Amino acid sequence: MAFKLSQLRKGRRGSQIGLVVGAFAFALAPAVVGANVTTMGILTQTIIYSLVVVSLNLLVGFGGLVSIGHAGFLAIGAYAAGYSANHLHLALPLELLMAGVLAGIVGLVMGLPSGRLSGNYLVIITLGFGLAVPQIALQATDITNGFTGLTIANTQIGPILMNSPKAMYYFCFVVVAISLVLILLVLASKSGRAIMAVRDSEAAAAAMGIHVARTKVILFTFSAFFCGIAGDLFGHFEGLVTAGDFTLSLSLFFLAAVIVGGLGSVGGSILGALVLVYVQTRSASIGVYSEFIIGGAVVVVLLTFPGGIASIPTVVARWLRSTRGTVRVPGEGESNPGDALTAQAGIGVGDHQGASDA
Amino acid sequence: MTLFLQLVVSGLGFGAVYALGAISLTLIFKTSNVVNFASASLSTTVALLMWLALNPLHLPVVLAWLIALACAMVIGVLVEAVFLRRVEKSPIIIQVVMTLGLLVAIEGLDGALFGYSPKTLPHVLHGSSFAIGSVLLDRNNALMLAITVLLAIALYLIYQHTRLGLALRAVASDRDTASLMGIQTQRYISLSWAVGVLVAGVSAILIAPAISLTPTFMENVAVFAFAAAVLGGFGSLLGAVVGGLVIGIMSNLVSGYFSNNLQLTFVFILILIVLYIRPNGLFGRPVVSRQ
Amino acid sequence: MLELDGISLSFGGVEAVDNLSFEIPDGQITALIGPNGAGKTSILNIISRFYTPQHGTVTFDGHDLLKLGPSQIIDLGIARSFQNVALFKELSVVDNLKVGTDHRSKAGLFSNMFRLPRAGKHEREAREEAESVLGFLDLESIATKRAGDLSFGHQKLVDLGRALVSHPKLLLLDEPAAGTSEGLKVWLAEKIKEIPEKFGCAVLLIDHNMVLVLGVSEKVIVVDFGSKIAQGAPEEIRRDPVVIGAYLGEESATELN
């Protein structure tokens, strides 16, 4: 039987089409829903949050590591944007790079111990980080302007000043789209396979030549880098950032968006960001229940369909297949997207477990 | 020197509360292998129930305590049975995220039900501080310390010298083997959640009079408790107590000599350094595994 | 090519391997057999560097293996399979195999992010080699399936393929046929026999299945209680009274003869 290249791509085609359609939807959105200030604001925020949620999903869904401090990286990027716009006047690409690199360096320092530790410890480190960043921001008044908050000048590309909501939207759209393409390229490469291999089996990954601890540290840095870039956009979008913008709740909401959108799915994360922004903008009418709804959504998703929104097509397809009367082989084809993230290796117990095969 | 001693002594009071938080985390982690990141919202709920019993309902203090603690145990059992048990076979990351989801959901529920305006719980003891030499000791701080030490000793004795403790240790060291030996592991996991949330609830009720009671008021306290548990290696009760006291004293020194607003930063850097140098905490022993 | 000399390994006082020495010759299939708990998998885990023995040396092509970590030995040409299959179960079959080729690529995160020529070249080569090994193992039809969805037998094959695709000089197989059907066992024995010539590597095979072991190997090493009790050609082992007594037992010896 001949092996066809098309077979290789088959599994991914659905999600690729989804991403392209999504990109067009976002590109055309201003023309469709109207470019008034409110809708442009919501759309811009969705786009920026998409990059944050994808960067967090890199860590959680693809790497199996949890962070509840990503608002801290967002803050670093936002303050970098402010410092550049108000003092350094860097060209925009350089400014974005600086925001990403600064966040990445902090991520590297935090990730260093995580290479050798269980996931629980990383959560605690990131919790401490997430709470420390606003405190530090209040102290470092030279950069952050303390309680008053930092006003960030409009950014400029060549002669074009980003002073209209529409210009801001397309600027963010381009930066996020490029970032997502780079992320997808990494995920489809050797580096992406290494990240996921470490998540699925540390022992087998090591045996295949992957340095497990180093991979985790690189992943953490990589995730922080893109979150820093999103922070830069966030800074320009908000125009005024204060330490109080970067709360633990915000980090937890990002994590919620990852789960609700779908662990290990880039498209899912964009949907998760959309849902998050929707709930946040509706909080006027949902009122006090918005936090309960976000937390509750995480719990419900984990208990019922741990693959999140992204897994719904698969779940539905499977359900349709089963109602059409296909015989299902026990133990085959039934995969729980939630057990995505096992890191159990079958070594070390060999001589005992082999008993039944003797 | 007096300032130093004063900071150390007053740090012990808060340290005791952090120690209680760390004990709660350690108790639950030992038997169920889950770090309870929802701890802050659960203990807040207990403190809010205490407030409910005291203020709108005007119940006597003793009765309010009993109700709050009984509720704490029920909450612990329910959270484990309804949520955590259903993901116990899932990868650890799913369990972690589950407790984080519960943190947000329960905090949100508290906010929706009780509102976000600060509430007050009364101090347990009244009267002025008493002096030991040149150092003043607040009565309530002394009480917190005493409760923590007594509770830790009681838990230690139960763990080491009773059949119950033996069973708990068996479940902690190897759940499968324990269950093969006829121990009903589920019952002991429920029990550790009940006691864990109880201890966390006590810590919230004790610290609430000193800081205002809001749905999020335990978040920052929880970080100190996590730091204490990390310092203690997430395994030993003694480590949790010492870790809590050390964190309490050191963060008080930081706020006394530097700034009140850098405590969390200090704790973050401390966690990072400790985990970098001693990945198993100051008191934890490296886990020997046949990997 | 691989030489173990005076290896002793104990876990908290329990001797798993006791003063063991043996050699694996180039280009042949060597089998390591022994009763359950004899220390076979421990030996494999020493060679693949998950365990470090308290005493002894392990050399491979002149390199001191004990100085290296588990992720470094694949570059010397040592690859392994896992008894309880440790596949990357969220990845597709073909991606599992590609991971086996990835240690050869020098492309770092940066090259991969921008698809620099060296990254693109590696991706093409990885795919070609993965396809050719999938062809060898008759797995083309399931190439795009999620590894975690496969039957146990298929998972064992993918596990083998992932090690094979790494261009090993020495392939360590930990019970490749355990838990698979009789039909697959016979087929697999034929495939393993082809490996040294087709892939130019030596094989160290651990298995309980005597038919497989004695049928495919050129040299057999028998261990019990962590020590070597016999070694030789399969026919010699089959008749060796020590082996029959210690390992095979009267009943199975009769069956085999």
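Labels for the chains are A, B and C, by order of writing; each one numbers its residues from 1.
Heads up, the rule we're going with is that a contact is a pair of C-beta atoms (placed from the backbone, for glycine too) under 8 Å apart; a residue touches a chain by one contact, two chains touch by 3 or more.
Just so you know, these numbers come straight off a predicted model, no measurement behind them.
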Measuring between mean CA coordinates, which chain is farthest from subunit C? B
With centres defined from CA atoms, tell me which chain sits nearest the overall protein centre. A
Hey, how far is the Cα centre of subunit A from the one of subunit C, in Å? 38
Counting in whole Å, what is the centre-to-centre distance of subunit A and subunit B, each centre being its mean C-alpha position? 31
Between subunit B and subunit C, tell me the centre distance in angstrom, where each centre is the average of that chain's C-alpha atoms. 48
Would you pick out the residues of subunit C that each touch at least 2 other chains? 50
Overlap residues in subunit B, where contacts from two or more other chains coincide: 290-291
Touching two or more other chains - residues of subunit A: 203, 339-342, 345, 347-349
Interface residues, subunit C side, partner subunit A - complex: 35-42, 44-45, 48, 50, 69-72, 74-75, 79-80, 82-92, 94-95, 98-100, 102-103, 105, 107-109, 112-115, 119, 122-123, 126-127, 131, 134-135, 140-141, 143-144, 146, 148-151, 162, 166, 174-175, 178-179, 208-209
In the complex, the residues of subunit A that touch subunit B are 60, 64-66, 68, 109-110, 112-113, 116-121, 123-125, 127-129, 131-132, 135-136, 138-139, 203, 248-249, 252-253, 255-256, 259, 288-299, 302-303, 306, 338-343, 345, 347-349
Can you check the complex and tell me which residues of subunit A touch subunit C? 1-3, 5, 7-8, 10-11, 182, 185-186, 189-194, 196-197, 199-201, 203-212, 218, 222, 264, 329, 331-335, 339-342, 344-355, 357-358
Subunit B to subunit A touching residues, read off their complex: 35, 37, 83, 86-87, 90-94, 96-98, 100-109, 111-112, 115-116, 216, 219-220, 223, 226-227, 230, 234, 259, 261-265, 267-269, 271-272, 275-276, 279, 289-291
